[in-house]
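Listed after this line are the structures, all set down as structure tokens.
The following pair of complexes shares a single chain, subunit A, combined with subunit B in the former and subunit C in the latter.
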Partner chain A sequence: MSQQQPAGVIHDIGYRGYDGPRLGRGAVARALYVHSLRGAFGLGRSARAKVLPMLLLGVMCLPAFIIAVIANATSSVLTELPLPYSRYAVVAQGILTIFLAAQAPQAVSRDLRFKTVPLYFSRPLERSDYVLAKFAGLSTAMFLLLAAPLLIMYIGALLAEFPAGRETTDVALALVGAVAFAIVFAGVGLVIASLTARRGFGVAAIITVFALSFAAISSLQGIIRYVEDDATLAGWLGLFSPITLVDGFQTWVLDASSSAVAPPPGSAGGVGYVLVTFGVIGACWALLNLRYRKVSS
Partner chain B sequence: MNTTVAQLTARALLGGRRALLLLVMSAVLLALAVLLRLSVGVDHQVTADFLGAVALGALIPLFGLIVGTGVIGPEIDDGSVVYVLSKPISRPTIILSKLVVAVAATVLFAAVPTFVAGLIMSGTEAGLAVGFGAAALVASVAYSAVFVLLAVVTRHAVVYGLAYALIWEGLVGGYVPGARTLSIQQWSLSLAETIVERDLVSSDVRLAVAGVLLAVVIVGATWYAGQRLRVLSLAGEE
Partner chain C sequence: MPVIQTEELTKRFPAVTALDRLTIDVEPGVVGLVGANGAGKSTLIKILLGLSEATSGQARMLGLDVTTDGPKIRERVGYMPEHDCLPGDVSATEFVVHMARMSGLPADAARERTADTLRHVGLYEERYRPIGGYSTGMKQRVKLAQALVHDPEIVLLDEPTNGLDPVGRDDMLALIRRIYTDFGITVLVTSHLLGELERISDHVVVIDAGRLLRSSSTSEFTRTSQFVAVEVTAEPDTVAGQLKAAGLDVVRDGHLMVVPLEDESVYDIVRDTVAQVGVGLIRLEQRRHHIAEVFGERGSQ
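Coming up: the complex of A and B.
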């Protein structure tokens, strides 16, 4: 008979312990940010996961490329781009919405579903770091998606020898507007997605909020502005859909060309749009932190 | 059609708080209709524009998308569909049962509210409520059939369905008139155009063509979904 093994012994089988430097909270958050950003475009994931985001990026850039080609082909007649930079986001809102609906649940719902969130929080990572990393990652992804076509149009405009100073100012302002679009979209999308562990529900809910609110608000605005002849009320209505909200924001703050049926009414309206835009961003931040204060499901 | 499968599907689709969430969408349409009636009064052109843009243009496609993919998508996603598939029920029967639930839910939550919104805004005049109600009805059936098929074919059904509804029917259809011929929205609008009196609604497709195309799409999508379900392979989680 062999010797009786004492219970509860951890055998030293010669593995070496880790005694190198341990990166802290900031490094974890940065890693999570990079991971989220890459994940939004399917990088570091399977080939099937890359298809959709890359396809959307391509579809997003295609009209910009066509616009750039048109500008160059007709540069003897035209003196500016057929479509202003700042209107691109609203024209391509369908693609932005689809990208958001596909990638926001991808960023947070799977962590909830496979219960990896508690694992994150067992590291030196605060709740707000997790929220910040996800929020920033998705915002950056949305911004890149929107900035790429703008840069293509900008290069096209420079090649067509439009006034470089004016084009640079315009594209810079449009990029600032793109930041606002990206943050508002990512915030609203993440709040919705973080409420469900099921990807499908998240996708459907985000789409509903963006597409339905835009369709309903635009048609209401149209009817109230042209049938009722009340441009002020129509302008205020734009506050109730994320897309018209940010469009109004950039119309007033950045002096962009409006794509909405009715722009913000006067300075009071403009200030209102700005306040609501920042309010929405702040509310998304607060709600996300609230959501992750306790993670059980 | 198998009633047990249909019951289970209905419970999965509408159980818990989900029916309430769907109800919120219908309530938004009705609330907007009441708001317009109070602020604008009775204006048949407004009714036609509003129902065309919000009900047929957004609510019905979105509902068809959520409900059509919702009856089978989540089950394929988490793999529990094998428990249904392993029962001695033919795959086309399963599809048909699920489709019946999807159509019933879309009609109940989207087509009926469209009809009621028409009644609120224009009463029974000019055939607006009936016209848009009928158009919403056929659109519900067609969207449900197409999106059930899409959910069987791909795991990203909602996203591709959305690309169809937003980009094809919305963006491309807005600039390329030819694309409108191949759009469920226009086919159902042509029914509304026929029923509604006066020239309040216009569609790019003639009713006969639209009817044939609708029938082909509905029957074809249902049949093909059944075929695809026979060779369904469950992919792992990406």
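Coming up: the complex of A and C.
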């Protein structure tokens, strides 16, 4: 073998064992979380894998930057941002959906397609740790994607010398709403992606579920609210699309500006939205664990 | 102390019994687990890793119970699955570093161990290229590297020679032997080929349809009746005569002379005799019974 080695290579000094620290399950799960989070933005992967997430991050921030510029240019006339923070997620839902559709399959379908999953489970990691790391990783990525433009708008608002106290409260509430958006999006996206080892199917299914459900529910809500004149029923319908669900959640809990055709109907509706939001997150967690219990090792 | 112990280990699937009251003890060394496809080899490995639950019976690895101490066992064990398990779009280095982290190594140690391990399994410059472009032999080496990167006490290798050509097979077998002799890591290696495991194992366990057929050390298999085969460049008759004169019971087998190996002095006698006659010595090698023969005899009973 030695003559095959290129000249200048240090001679084989024999096998050396490893006596250093072996970190436990928690540290392994954290390492997988960081790996998943970085992977969602293409960090630590090929240059090609970075293109789409970075492009989407840019596209996501561009409107926020324009809003910030407008606010500063017209600060003599305007006293608040042209778009409230809490509406940003719904306005930019297309970008969020594309990001999710691209990165949720990247997070889980790859391991299924290449059958790498058994290698994880032959290590100290438990199956639920794997699910938690992937779920948390993608949720954090979605949150960062949503938080970046909000912070740009916030800085713009401060530069435009809008009331700092009001802006801080608003952006803080919107960030809490962003957490809810991120977890629900990541959960639903991962459940869909984990069902198929084929990346393409995952991408198509996620876009279909998010875009179609929003379009269908919004038009139905419009018809029922304005044609049938039944705002209550229209409000309840919002539960059936992830985007209108979280929008209703933050409208009621965080007193955010609603972007939906019909907001949650009254207090009962608000409580319903909160329960369903937590229910969806819990269901995604349970379904993912169920899914990975069945992955053959 | 046995590193792997099973007692009456049974695994039933709805349609088949994969393991049927299997009781084995494995001492440190290279242990070959031989059986036809579907004999229950992979099932046994999965139970030992705590990834699959046994229907009944017990199994212990490194003195730990597989049903209760799964995570602790998996920290100290490496596993190379039979099937493809490598992502095609990352390099061997990136992949093995990641798997080292997943075994609990800190980031710096993971990098260092990855470089070492890839070198030991024989991957050099190509380790920076995406795995998707590797040959089967190189992929098997990466799979082996990810099982060794955290310096485990035992590695479980499931059909590591699968899909390799004869040369690749020999390289892989030599590498597996080194894992124990040079690295000091106990190896449990499965194969459906008896011949190849016989060459590298200290101990061979033969299972069939989930049942233990035979478990014994390789020396026990092959100890009985050892011979040396001698081949010379010229004058075989003279040499045979001289060897007989020296008190050896020579049997002619074509152009070969077969001499019973009573003790180590036989080698010296052969060397001296051949030198006296003044011819060249082409071959002086031990002949053994092969496990296949032993297994065949047993199988035909």
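Quick note on the criterion: the second predicted complex is superposed on the first by the 283 of 297 C-alpha atoms of A that agree within 3 Å, B and C clash if a C-alpha of one lies under 4 Å from a C-alpha of the other, contacts with A are read in each partner's own complex, and residues count from 1 in each chain.
By our rule, a contact is a pair of C-beta atoms (placed from the backbone, for glycine too) under 8 Å apart; a residue touches a chain by one contact, two chains touch by 3 or more.
Only a predicted model underlies this, so the values are computations on that prediction, with no experimental measurement involved.
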Practice item. Quick one: classify A:222 as touching subunit B (first), subunit C (second), both or neither. Key: first
Review point. Just subunit B (first), just subunit C (second), both, or neither: which does A:200 touch?
Key: first
Exercise for review: Identify the partner contact of A:95: answer first if only subunit B is touched, second if only subunit C is, both if each is, neither if none is.
Suggested key: first
Review point. So, does A:15 touch the first partner subunit B, the second partner subunit C, both, or neither?
Key: second
Check your understanding: Where does A:212 make contact in the superposed view: on subunit B (first), on subunit C (second), on both, or on neither?
Key -> first
Review point. Is A:46 contacted by the first partner subunit B, the second partner subunit C, both or neither?
Key: both
Point to revise | Common interface positions of subunit A, toward subunit B and toward subunit C | key: 45-46, 49
Point to revise | subunit A residues within the subunit C interface of the complex | key: 1, 4-6, 12, 14-18, 20-25, 27-28, 31-32, 35, 44-46, 49, 110-111, 114-116, 118-126, 297
**Study point:** Complex contact set, residues of subunit B against subunit A
**Key:** 21, 25, 28-29, 32, 35-36, 39-40, 43, 45-46, 49-50, 53-54, 57-59, 62, 65-66, 69-70, 73-74, 77, 156, 158-159, 162-163, 165-167, 170-171, 238
**Study point:** Residue ranges of subunit A touching subunit B (in the complex, touch as defined)
**Key:** 45-46, 48-49, 52, 59, 91, 94-95, 97-98, 101-102, 198-200, 203-205, 207-208, 211-212, 215-216, 218-220, 222-224, 227-228
Exercise for review: Sort out for me which residues of subunit C touch subunit A in the complex.
Suggested key: 46, 49, 51-52, 71-72, 74-75, 77, 79, 81, 83-90, 94, 98-99, 101-106, 109, 113, 116, 119-120, 122, 124-125, 130, 146, 150-151, 182-184
